[in-house]
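One structure coming up, written as structure tokens, with questions to follow.
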Amino acid sequence: MDLATLLGILVATGLVIGSILLGGSGSWFINYPSLMIVLGGTMGATLINYPMADLISVFKVTKNAFRHKTFEPIALIPQMIHFAKKARREGILSFETQLKHIDDPFLARCMQMAIDGMEAESIADVLNTEILWLEERHRLGAEIYTTMGTFAPAVGMLGTIIGLVQMLMQMKDPTAIGAPMAVALLTTFYGTVLAYLLFLPIAGKLRVRSKQEILSKQMVLQGILSIQEGDNHRIVEQKLKAFISPKARTFSLENE
Amino acid sequence: MDLATLLGILVATGLVIGSILLGGSGSWFINYPSLMIVLGGTMGATLINYPMADLISVFKVTKNAFRHKTFEPIALIPQMIHFAKKARREGILSFETQLKHIDDPFLARCMQMAIDGMEAESIADVLNTEILWLEERHRLGAEIYTTMGTFAPAVGMLGTIIGLVQMLMQMKDPTAIGAPMAVALLTTFYGTVLAYLLFLPIAGKLRVRSKQEILSKQMVLQGILSIQEGDNHRIVEQKLKAFISPKARTFSLENE
Amino acid sequence: MDLATLLGILVATGLVIGSILLGGSGSWFINYPSLMIVLGGTMGATLINYPMADLISVFKVTKNAFRHKTFEPIALIPQMIHFAKKARREGILSFETQLKHIDDPFLARCMQMAIDGMEAESIADVLNTEILWLEERHRLGAEIYTTMGTFAPAVGMLGTIIGLVQMLMQMKDPTAIGAPMAVALLTTFYGTVLAYLLFLPIAGKLRVRSKQEILSKQMVLQGILSIQEGDNHRIVEQKLKAFISPKARTFSLENE
Amino acid sequence: MDLATLLGILVATGLVIGSILLGGSGSWFINYPSLMIVLGGTMGATLINYPMADLISVFKVTKNAFRHKTFEPIALIPQMIHFAKKARREGILSFETQLKHIDDPFLARCMQMAIDGMEAESIADVLNTEILWLEERHRLGAEIYTTMGTFAPAVGMLGTIIGLVQMLMQMKDPTAIGAPMAVALLTTFYGTVLAYLLFLPIAGKLRVRSKQEILSKQMVLQGILSIQEGDNHRIVEQKLKAFISPKARTFSLENE
Amino acid sequence: MDLATLLGILVATGLVIGSILLGGSGSWFINYPSLMIVLGGTMGATLINYPMADLISVFKVTKNAFRHKTFEPIALIPQMIHFAKKARREGILSFETQLKHIDDPFLARCMQMAIDGMEAESIADVLNTEILWLEERHRLGAEIYTTMGTFAPAVGMLGTIIGLVQMLMQMKDPTAIGAPMAVALLTTFYGTVLAYLLFLPIAGKLRVRSKQEILSKQMVLQGILSIQEGDNHRIVEQKLKAFISPKARTFSLENE
């Protein structure tokens, strides 16, 4: 479980609920028709906006926002240095036997291509296309949540307008607008909570996770290409360290 | 029929209508002059913004948002592998007779150029220009709906201001503002519904459909160029799989 | 006269006026000081924002939004095919005598360079620079209207704040706020009408016209370069058709 | 003095003041604490946002928005044609003596490099870097004003909220909210005036001036490179005319 | 301490507090539950949006906004000219002994690569990758503050809606809405202050600092590459001066 996501949801939800209970009855903020119109309207607009298959796949992607996966680009470097040394000693074909022990399927594919003797340029071409379209698919997940974060407050405002029209139409005593006006505001409340405490932050986390994964894949690709060119392990190290911060680099040197 | 678009419209419309009927008379929300000013004002502004021909063609494009067309980029790969094998066995000219059995006009055109012996670079040039301008025409459709989605709430707000001015001008009893104020809000209601439950989501779906079509065309182009270069079918397969997700790839292997 | 622009203005203006007259006296919406502050304030901010020369030239460009000019990129293709055939038969110098019959100054300039024996790369360089800066000048026209469309509602809101302050300062009887409040709202009304029914849609149309002109110029340049390279007319045709939609292409074939 | 900037400020200020005086006492709109919080708050936020040195230098740049400098890119062309002819007759070294008569330091530097025999590619490299960073410094000036134009209305709204809270806290008689509410609105008024009638239009003018200067520098660079390559003056003319509009070109031919 | 940041915070805070005290009791603006919901909600949404590690590292980056570091790109030029002269006299290997006296780790790394005899292209590759990812990490810091500046006003508005609903639900006497309405507005007040007087300006300063650092690194890289190519010190000077403004250049000449 990603600690930050969990903690963030607890803190935000806790404070909203706390602030609701502090000021009066919690039941004032529960209105099923209002909740239904906001959730349903947002979902409806999103269904028009995206194909069903994309929406289903996005729920699978969402778990990335909650899964604990501290990305360690540094961890790649010693591994690549090891590969570089081995490649210089025993040749690149010596990886053939190791291939099945490699967990990361991207690294395995990358290495397979090098073993197969594909040219560096072709490998870069194929894998850069792959990274490009991976980025595109990641982007879709974040985009769907961003879209929902745009629709939710709009639908919330729509619900409030409906409530206001109904209130105004039957208003006899202008001093009695309290409760119906409060109910009308609830859809705006739901829309804002969904957008700013759920959809938009999740979209943000998906974007961050995507960047980390792209960075990691670019380091793998760069490393394998460098090894294939026969660079010695110092050059490989230097090329990969360019991707990470100088501070993290020193740390890596100590741990190496 | 695209299930998601249909379902989305049903859900969104149903919930809005339900929420209207739940809170009072549905007739409160029907006001023909208000509807006329929002629809007409939006249409008027859109007519100033775009040439007539573009607006007419966009209605033809709109059916793309509703047409059921589950795009299967994977389906292209076995076909391309088949072509690659045939090209290696019988030469690229052997496609001449097959050309009339190919449904996809882009694929047919692409293959015709390869048969005609055009250079790879020229084929890529011509077809990339074609893809570029196709993207441009697609973009126009989505842009028109986005523009309408921007104009509709603005015109709705305009109608509300007109209603408020009229109400305030003849206001004698400040406690009787209920009904005229409700009527004034209706244009904002119409504008918001049109924008967020119709125009903007349709613009979104057109964008998604466009991306799928571009992706498919780029795979076709890449595949034919690879075959023309004489790549064996394994390389063709690898180049095309870079376009799709690893998960979909495995699936494709099973089905192949 | 561009039919869509005219029709759009008629529809939008008609509906706004109709909706005003339907709900009461039209004179409620005429307030010269309010109109003056919105028009003048917008014009003042625009004058600070752009040099005088640019503002004057933009009024000349504006007629593009109203002029009827159905752009027919297809019409270029048979002409270019004709040139290609002639160039293969009689050489590129044979165009010398035809040059004065060519209406389009860009085409004429392009052809003159080819006749003068400038290298393809130099022609492309010079004319791409020309297209780039043409795009820049076009962009300026659309940008000025977009800026006015941003300033107008802001100045309208400014007028409303001024009106509110004045109303609140002299308010004795809170039940008599009707008329002054209505007057205060008029500047917002003017600002919104100017922005959403005039400035922004005109900016949009200028952008569309610009794209059409750029497309036409790029087709001319591509065609002449292809002819100069000695491509036969089938290749020229294929290169130019890549710019237009497949549907329009078939149509062109019938008419050719 | 740039006529448009001056006129714009006069028109905008005049109309705002006129509209204030027309509707009541001008003193209603003067409130020093309100003015202080808007100006001070905007300045405070801007100080956090930018280093002191940048803020000081931006005031120097601001005079560009007010200085009268009608840019005449056409004027460069005859000068460059003259240089081209001279270079063909007497060689590029003949400019050595003229160098001190050239006012434009960029042109002088450009020519010095050509005389020094630097390669075309190196000259382009160095001067394109210079143009790039000049653009960056210009952009900073416009950006600072845009930032102030974003902060001013926000700080204005902040002041209004402070005023509203104070008014509501001591409100005894709800019919007496007039004057304090008007005062609360003044900060929003100041913020809007500063943003839309001063900061944002000045940002716009700085952007326009920057584009003109960049265009002029790119024409100088292109011209000198073309002369150095030994192009005859007709080619130089053609290359430079690509930067300006065809209409301006004809005009230039007459004046040449 | 960065003077501008400190001064900005003092001015902005001072004016807000002053304007609060001027209009009544300061205690009206202190409401712990309101403050808690705004701070906590913003923090919660930010935690969902970013991984914990990024949030922690951003606090370290924040000190950049407050640290006094007047960047002097000019100071680099004499140092580089000195290096260029030395390299021409004694060869590039002569820097080996000086390396430990160089404070800037980027310059040291750059020089080490030149001494190691890496090719110019490889050095540029590795260090441009490093600059690219440094920019990316910098961008993250500014982005997190921008995100907080977007969430804070939204959460503030959420708090105000909660307060309004609670007030409306228990409203008996419509003339007594003063105090609860004022309290409801406080969350919007807190959200606006945090966003516009803290988060967004700090995001801006981080962006400015990042640009300065990138500029400095690009000058170092350009300088070392130029020295490695064996350029004489005049060329090195010219290449580096392209990065700074002509005015600063003259100044540098005097100081050199």
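Observations, loosely collected:
Order of writing sets the chain letters: A, B, C, D and E. Residues in each chain are counted from 1.
Following the convention adopted for this analysis, a contact is a pair of C-beta atoms (placed from the backbone, for glycine too) under 8 Å apart; a residue touches a chain by one contact, two chains touch by 3 or more.
As the structure is a prediction and not an experimental result, all values here were calculated from the model.
Where touching is counted per the definition, the chains common to chain B and chain D are C.
Rounded to a multiple of 5, the C-alpha superposition of chain A onto chain D involves a rotation of 145 degrees. Note on chain placement: the centre of chain C and the centre of chain E lie 40 Å apart, centres being C-alpha means. Per-chain Cα centroids separate chain C from chain D by 24 Å.
Across the assembly, chain E contributes 174 as residues in contact with two or more other chains.
Of all residues in chain E, only 33, 36-37, 40-41, 43-55, 105, 113, 118, 122, 125-127, 129-130, 133-134, 136-137, 147, 151, 154-155, 157-159, 161-166, 168-171, 174 touch chain A in the complex they form.
Looking at the complex, you find that chain E touches chain D at residues 2-5, 7-16, 18-20, 22-25, 28-29, 65, 70, 174-175, 177-179, 181-182, 185-186, 188-189, 192-193, 195-198, 200-202, 204-205, 208, 211, 215, 222, 235, 238-239, 241-246.
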